């Protein structure tokens, strides 16, 4: 039993990682006042770019760079429409999601002629699992050994990076000048503007950070977790991340907990497919799959706590008022 | 989007057309990038979509879907609500239509099943919009987020129902049984046949007329009834609307129900009209295309009709293209669609200022000339 | 009009400032000289262009042309950053604070030193403690803005400017939201700042305040500067005349009122807003047939909430409203539609936010609230001809220009929008007409016409409830005047006993001696 | 009808390294190379496009039209009725119409063989099965595999997981990898994936963890030499090729054609990539079992016969 739980949690960490990176991406952009329903598209595009580049250059690092660059590019399109030209943030986000879904397959098919997939990646083209120091030595220590060497050790670098991003994001938001301004611009952009700070540039920077994080998430998906890109491999993760962002009320640590919860549900759902449980019988996997969405709706409805986003989120900034 | 300094024809026709042109220009670059000659592709698409009867049939069949989902988005939008859940509402609406057909086809004649399945579709679609609507109106959660969530919930629910409930024993794909002949809508070739007009068979069916009727009804509703007045007032100025005795909460719910009901009509075309069975994913993104359609059509039924035709051409032409070019697939059309949403929706304000400048410069030059002539 | 060159050095000088917003010429060839260490008042009617000018000085808007000189140096100020660097600070009409930040965070926003906050916060805390002592500007530094009353929020804004080393401080209508005591405190602060050599630009509508604290006054009208005077050399009447370009003191011809039965009344009416603040506290008021009841008060003391509660827009949290035979209580609340059905007309205070829908055509705005009436509707479809005919008739009767029912509501001027709204409400022949700020931003001809129609309503035996920030208007039209302060009714004065002094005292929650005798209370 | 061959793949596309790819490489490409006849190909991008694609091919006079996968059954039934002059071939499903040939395979027999091999090779005596979409066809693989394992080693444990209940379950390598990892962590050292594209994730996970995997449909041994123990080859490509050949010669017949071990429609793959992994005695034992199955001495239960796995 203990073993099973450890393994489930182990899978949870792997599955939560892209959610976490994405949710933090969403956190930066939404705290700056830009709704980010484009996370899904950014993830997908970055995953494709990372896998394609890793394959072409035989370097997972170049792949990740390409993923980040793609995430940033998507963010810049997002910003160009919704910051510079004050377009609707939801509409531009939807456009980016569609663009990513179409373009990845179109280009993938053209380049690799494999129905939109990239070739399978191996060796240097992928992030390999890292064994933490002492993991092998501690393996047989009861409880702690399993926790350390089975659960914490043996993930790819990006998993650790994603979790390290949580305190870092918190620190940036709460302890730095940039963070203060970022939070302010999402609450009351007029206050930022009258303080002589450019609302536009601040929001662009937030979106660029979001692009970088979404890019890493994409790289993780196609070169860390999986070994190559398959069409639509984002499979709604962008929206689950959005749900986790709301669930965590736009704060890094609760957002992480949200991602872990949703990741856990996913890991659980995978393992429960077609399995008869004692007492309850076979739980429809769909019922577990929808839990993140249902929980988020309940939260939004104020039935479990209350989620109130940054005040200025979703509104293009116009000077006069 | 409207600019007071520009005459209506620029606002309503020229600017949307320019936005569309930009989207097409960028799309052409993508075509070139994958070694497809965009001019050739365009002509092939138009030929495939409009060049022969069956192609026209397919184009209008797709357009039927877009009219439903486009209207759904537009009606909600005129009340200031961004219903991004057309996808889920259409899915559940189609379920409603399908269930009615499956339940009644053994015992009832067409003239009973037809209205019941149509109402069933609208009702199910409306119900799927009800919870997000209620939460927006009474609990302050944002309809954009909740409808996104409800799209996913719909999709999981449908998988469950299709796999565990509706799939006949021994069937491997997750599809329901076929509905009886008496539950199917007449195909267009049959209908035209009654009038002695020959038309090649295509998926185009009676739903097209339902869609046209929906366009007229929505137009009447929004611009020629007191309820439409209330809806538009709510969208344009909620404070003034509530001052004017309009209950914003109740109206929000009602508008979302109408919107969901319109999306739910998609089932008439897909289930009762074309595939004659419930299948997984029959909505196939039409709900999202509805956003693009409503944006280009500027929320007006006439605009939506033209935008739906445009997307019908893109979809059918795109299929044709994927048949001819190994490099091209339906995703190519999705790219075009994305660019249209980007330029016509998110970047719709980009060209206003430049166009205004040019227009004012031209009128000023004209005025100068007139003055010079007078002098 | 030119300004005599003052003796002391200039802190700020403007030369030929021009600004247009599309068709609106908000600032026309503005010249202004502000001597250092003085308080300079700027007055003008709503929409005269005061805020626009201040925003240009603060770099928030960029002037189309013109020059700004700070301490004799020409400065290019194209952003707030440059204005701040030039030593200009501004307290906006609407505060520019982040509600869920602490005072300290708000103060350092944009003035942080280095990439990390800790140092800036420490330094700011020290500096603010010093400033607070020096200028009596105490604020709890670690409280969040949303916890603070407006008066304190304003101090935060002032602190923000001082922290940035402002030598020129602009205050845009700082007293509109303040109680008289808070206003007094503010003026003491301003005085202290002046002593320290800070130059202050003060925008206000209140002539009394101008006379009380400023050294010089400039007057704006329709985007232009129409006068610069030394405060010591002028008086209220002269300023008012400059402001509106005519002799003030409206005379409204009216006979004595013949009050009849009570048409609308409230008993212990209490309204608590979303934040849990009681905006109305046990208000009792009666409106009788054939009288005009005026409500005076500093804006924000519950007048708006009273009207909206009576109109059914706000649901009272305690007490009762009676309209004719109807009783409206928190348990049996009403709504705007039902209140209209009880023959109550309502002209809201803010015509653009509430009175009409800007994107609607005039004819559509002209039926707002009555769009469900049988005269405009068939069984299903509406009757466009009937709607157009009604709008045309109203436009003709009230001289709304241009008389085009198809024109978008936003394309009419403020006065014409207002006429259309009042016409709509009066046309329904209500028993009670509630009317807020009837002549805000309306030209003289229209003011006179509107005033005449209000008196006509009264003389036809209707009850009129009038809310206005213009004491002149209240005094000219009302038969009884009720004064509100902090959600309470301070007292009531018959029109023939009222004057500005009495009302002014009551608006500050002071009962004048002559009323204490108790004849009306 | 004239010989104008066409193939409609499933949505996974012709490069799924598995089922569709087998048709593509061993059917379409090989036929083209050998006979110089170009085969028209079509890949729908979603379920709703199947019907439109079939209709269009029929209208353009293609015949025979080979449709790959049971997902086509519903669409084919409609289109084949509409175009009685056109001949169709469906793989993996039965459509009972006079112009449709249904190719079905004895997957249970092949699965039995690879199950037996897994049991011989497993050190932990725990082996895994990962299916794609949870449907009777995939259960058929699972059931045969389980029987094969038990045949060799009655005590061995077989873990079974399905990836999902929609066609997407055949194209989800990430989930496949997760499932494989969970089975490895429970002690399995060999997994057999009957999951289309999802299998790629399974094989990758096996390689990452240093375990064995068994491929399916195509010969997938080359994907990860040293990791791929063998592949349960369903020779759909070869069979497609044969159908084309027959059609060209003018002897096409509708009806059900079953392919199994006996006729070479099903086999287990042994090539240079897994030669080193299979000992001579294992090979001999496996071939012996195969012979017994062909001879009917071992009866492998077909799950789809009674929708249960009781043997």
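Things worth noting here:
We just call them A, B, C and D in the order they show up, numbering each chain from 1.
Keep this in mind: a residue touches a chain if its C-beta (ideal position, glycine included) is under 8 Å from a C-beta of that chain, and two chains touch if they have at least 3 such contacts.
Keep in mind it's a predicted model, so treat the numbers as computed, not measured.
Within the contact network of the assembly, the step distance from chain C to chain D comes to 2. Each chain's centre was taken as the mean of its CA atoms, and the one lying most distant from chain C is D. Inter-chain centre distance (chain A to chain D, centres taken as mean C-alpha positions): 35 Å. As a whole-number value, the distance joining the C-alpha centres of chain A and chain C reads 47 Å. Centroid to centroid, with C-alpha atoms defining each point, chain B and chain C lie 46 Å apart. Note on chain placement: the centre of chain A and the centre of chain B lie 30 Å apart, centres being C-alpha means.
Of all residues in chain D, those that touch two or more other chains are 43, 45, 134, 165. Contacts with at least two other chains are made by residues 105, 116, 286 of chain A. Within chain C, contacts with two or more other chains are made by no residue at all. Listed by chain label, the pairs that touch are A-B, A-C, A-D, B-C, B-D. Partner chain B is touched in their complex by these residues of chain C: 22, 311, 313, 335-337, 340, 346, 348, 353-360, 364, 367-369, 371-372, 376-377, 380-382, 384, 408, 410-411. By the touch criterion stated above, chain A contacts chain C in their complex at residues 174-181, 183-184, 187-188, 190-197, 311, 319, 321.
Within the complex formed with chain D, the chain B residues making contact are 54, 58, 159, 163, 169-175, 178, 201, 203, 270, 275-277, 279-282, 284, 319, 322-323, 326, 329-331.
Contact residues on chain A toward chain B in their complex (touch as defined above): 35, 37, 77, 80-82, 85-88, 90-92, 94-99, 101-103, 105-107, 109-110, 116, 236, 239, 242-243, 246, 284, 286-287, 289-290, 293-294, 296-297, 300-302, 307.
Note for the complex: chain C touches chain A at residues 58-61, 79-84, 90, 92, 94, 96-101, 105-106, 108-112, 114-118, 120, 160.
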